[in-house]
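In the part that follows, the structures are each spelled out as structure tokens.
Note that chain A is present in both complexes that follow, paired respectively with chain B and with chain C.
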Partner chain A sequence: MSIEASNLSYTYSAKTPFEKTALFDLSFTINKGETVGIIGSTGSGKSTLVQHFNALIKLTSGKLVVCDIDLSLKKVPFKQLRSKVGMLFQYPEYQLFEDTVLKDVSFGPINFGFDKEQALIAAEAALSLVGVDVKEVKTKSPFELSGGEQRRVAIAGVIASKPEILVLDEPTSGLDPLGKRSILNLLMELKKSFCDTVIMISHNMDEIAEYCDRVLVLNEGKLIFDGTPKDFFHNPGNLAETGLKIPHTVEIRELLKNKGVSLSSDCLNVNELTEAIVASGILKKREGKNGS
Partner chain B sequence: MDNIISVQNVSYDYVSGNTTNRGVSEINLDIERGSFVVFIGHNGSGKSTLAKLLNGFFVPDQGKVLVNDIDTADEEKTFEIRSKVGMVFQNPDNQMVASIIEDDLAFGPENLGVKREEIKERIDWALKTVNMEEYRNRTPNRLSGGQKQRIAIAAILVMKPEVLILDESTAMLDPKGRDEVMDTVLKLNSEEGMTVILITHYMEEAIRADKVAVMNEGRIVLAGKPKEVFEKVDIIRDAKLELPVATKVSVELRKLGYDIPLALTEEELVESLVLGN
Partner chain C sequence: MVRDVSFGQFYPVESFIHKMDPRFKFLLVIAYIVAVFLVRNLYAFIAIFAWLLIVILVSKIPPIKILKSLKSIIFIVIFTAILNVFFNASGRVLWSWEKLVISVGGLELAAKLSLRIFFLVAGTSLITFTTTPMALTDGLESLMYPLKLIKVPVHDLAIIMNIALRFIPILLEEVDKIMMAQKARGAAFDNGGLIKRARALLPVLIPLFVSAFRRADELALALDARCYNATPNRTRYKVLKSSFRDVVGLIYTAILIVMVIAVNSNFWGLF
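Up next is the complex of A and B:
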């Protein structure tokens, strides 16, 4: 079990005029090995929730156990917790700060008690994992790199200390389509090595549909769905209140259904959808008509 | 044709020390007054550089940019040009200046010497346009990313620019937030006649444009109406862009030998699939 939350609630600025409850009574479990998407419109509490996972926000109500560490205890071993839960914020490249890439990436491991030599080894290993040219890049200033490279270096900085859980807040936002894909493929690669559990916040429903085993859906601080992307997106009723949009593939399937054409439910990506359209037989007639 | 912006054979490079990085090369582009133009391209393709050349933020190394027939290289006119061409960036945090939203919005017009009463009216209008009226007296710190971006757009609207440039301004928003911003932008374009230039990675946002310019390696490799552009599947792929899902499906089906037209939207695709059934 990676994360177990029960009756987790959180209120910002409690007992002040700005009091705002961001999370209401959330209970869920995230298992080792899962790729979990957390979705919801802006202000639904996604970031507040994930910041609880490594105690950046202190647990005030309910129970939360992360990597067997009970966060409701009086004395939480923060350092141990944070070395197990790697957190990548939105636009992580804004947090690069050192004068060389290698120093930047080794900052985390040094903080978590690696000696300098170990930290440098870990940093180089992390850099090669994220797919940058280590030799070329390590002595450069992080600010000389392109946006996509900066994001990779920032991810390297988090994975250098080998977290068991990686939490990412919109890891692909601001990247172009190829950049998005390569970051997502990188996450899948990381799962094969040391980082068993990946939790990501995303606004890109197509991405969630394709890469996640499970989705947690938040709406105004409440957990309104916990299940597979397929179950969630194929029941459009789920979406009406959340301000989210169904993936384009599902939308096409729904529109076809309204026209009386039913497709098999397995079409969350373009290839599956194309196959399902062909399999439905809807196009045969047309091909015959225009075939000559 | 009445062009509000005319880019004539423009090149611009980034020079720091003895390294030179390509910005844009030999760009020619006319932007018609009141039109909705989209620049698409991958990271580093030169689209933001081009945008920054349009309001005199950068001045071309070669060629010239005219805004309302004024050369952006004319330093005395820089202020005039920037008040006509407003720019909203990707990260709204970089654009907030005050601790109360109303003050943040007043900052620009106050600097231009707009009268107090009119500033109030403009703020009313701008907040209404971005659907954030109830946040007038709050602090931007407590807003979500999407809300902040709408405030950043409002902060440009109060300057009453003739051209609004959005540099990946929807990248941080949720799907609903993106739709709201897109609807706002389209409304400004169609109802207020504002010229809008949108820079994006999302091909979906290019569907409704009057003109789409595809950038790759600092050059405009393709420009035209959305349909003309999306048809050139190979150029799009070389430019490292992804077609909208509906277009991809129609391209795949065509590859399999089915005779259906290229679709830009889900509705178009479904229409052509059920046609004749």
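Up next is the complex of A and C:
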């Protein structure tokens, strides 16, 4: 088991007029190898929750065990934990600071106790993994790069220390559609190599439907759903409460249903939808009509 | 966390002091500062303390908040106190070594200076606790009105100050975010010596500056896009009005000044 939370609650600025309860009694388990999407409207506590996984927010009530490290202990081994749980924040390119890309990417590994040579090797490996031209980019200043390249470099900075769990807070926000797709494909590549547990926050339901095999849905700090995207998106009652949008694939399925074409199987990604439409036979009917 | 920095943060409760006119609050704070500087013997600080305590109670700001804002200046206070104790020889000498002398006069002066700094900060932090940044700059602009006659761009200065104040919490939040991101990459901010700690701040400061400049750029564009200009005769959404509260404050502060002067001169020999 990778992450195990029970009765996790959190309140910001407790005992002041700014007090705000962000998380309310959450219990769940995330297993090794899962790709989990965390969704919910703005202010539902998603970011607060994932920041707990890395002990960036101190656990105040409840129990949380991440990679066999108990975070409710007085002395949490931060470095050990953070080298196992990589965390990519929203707009990660805003964290770049070194004078060269290579130095910036090796910042993490050096902090986690790699020696200098190892760190540089790890940095180069991470850079080539995220698909930038290592030779050209490594001596440049990170501020000279384009937005998309900056994001890749920032991701490299997080994965250079080979975390077992990767936590991503809206990894695709602010990118063009092509950039989005390539970042997500990159994550799936990573999943096949060293970090097999991926947790991501996203507002894009298409991404969640396509890439995640489980969703945790938060609403006003409460966990209101824990299960497969299929179960969640195919139950319209779930969505109304949260103010979330259904993925396009599900929307198309609903529209077809309203027109009298019901698709037999569930379909969350584009391939499944295409298959289902073909299987329903409506395309054949049209062809038949055209033919006669 | 950085968010707990309390100096200069508005504290939203409803109170007599919160509802006062910011212009009067400014003037009264200036009067208070004058009173603190008028103090000549330690007893007068009792008057200041009593005055301030009542103001704090009326303002409904938890005293712990005020104490927190004093925490940040404790280093300066200790430093000045030590200098004054050792390099000020007057009155009876208690202890001496080479050129270092501890004397009664020196101790008294050090105590006075430390108390003075504490009371100055405690009193002035009250104005930012009880006044929104908007009201603060509006008040300031209105008070600086006479300077307009000699062509000082008062409104521009006010809007600059307003933006600066407005951005303090935003930048603090930004610091928080960047620190978290770097911590996630294994950065440690709270161990090692002074130099190591200062170096550890680089990964926070550089992204912070970059983002501050980016924000400034975007803000300038946004102001331009809405045709903002600081031409004369801009009207206000909230017009400042003075009320009976300000008269009460005025009288109350006048009493303080009279008290301080009275204590200074031992009540003119009345007792």
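In this section, the second predicted complex is superposed on the first by the 279 of 292 C-alpha atoms of A that agree within 3 Å, B and C clash if a C-alpha of one lies under 4 Å from a C-alpha of the other, contacts with A are read in each partner's own complex, and residues count from 1 in each chain.
The working rule: a contact is a pair of C-beta atoms (placed from the backbone, for glycine too) under 8 Å apart; a residue touches a chain by one contact, two chains touch by 3 or more.
The shown structure was predicted, so the numbers you read here are calculated from the model rather than taken from an experiment.
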Joint occupancy of chain A by chain B and chain C, clash or fit: clash
Partner chain in contact with A:277 - chain B first, chain C second, else both or neither: first
First (chain B), second (chain C), both or neither touched by A:29: neither
Dominant toucher of chain A (residue count), chain B or chain C: B
Touched partner set for A:161, first chain B, second chain C, both or neither: second
First (chain B), second (chain C), both or neither touched by A:251: first
Touched partner set for A:174, first chain B, second chain C, both or neither: first
Touched partner set for A:80, first chain B, second chain C, both or neither: neither
Chain A contact footprint on chain B (complex, rising order): 41-44, 90-91, 142, 144-147, 168, 171-177, 179, 201, 240-242, 244-246, 248-249, 252-253, 256-260, 266-267, 269-270, 273-277
Sites on chain A touched by chain C in the complex: 13, 17, 51, 54, 56, 78-79, 82-83, 86-87, 89, 92, 94-97, 107-108, 110-112, 143, 157-158, 161
Residues of chain C that touch chain A when the two form their complex: 3, 11-13, 177-178, 180-188, 202-203, 206-207, 210-211
Interface residues, chain A side, partner chain B - complex: 18, 40-43, 90-91, 146-148, 170, 173-179, 203, 205-206, 243-245, 247-249, 251-252, 255-256, 259-261, 270-271, 273-274, 277-278, 282-283, 285-287, 289-291
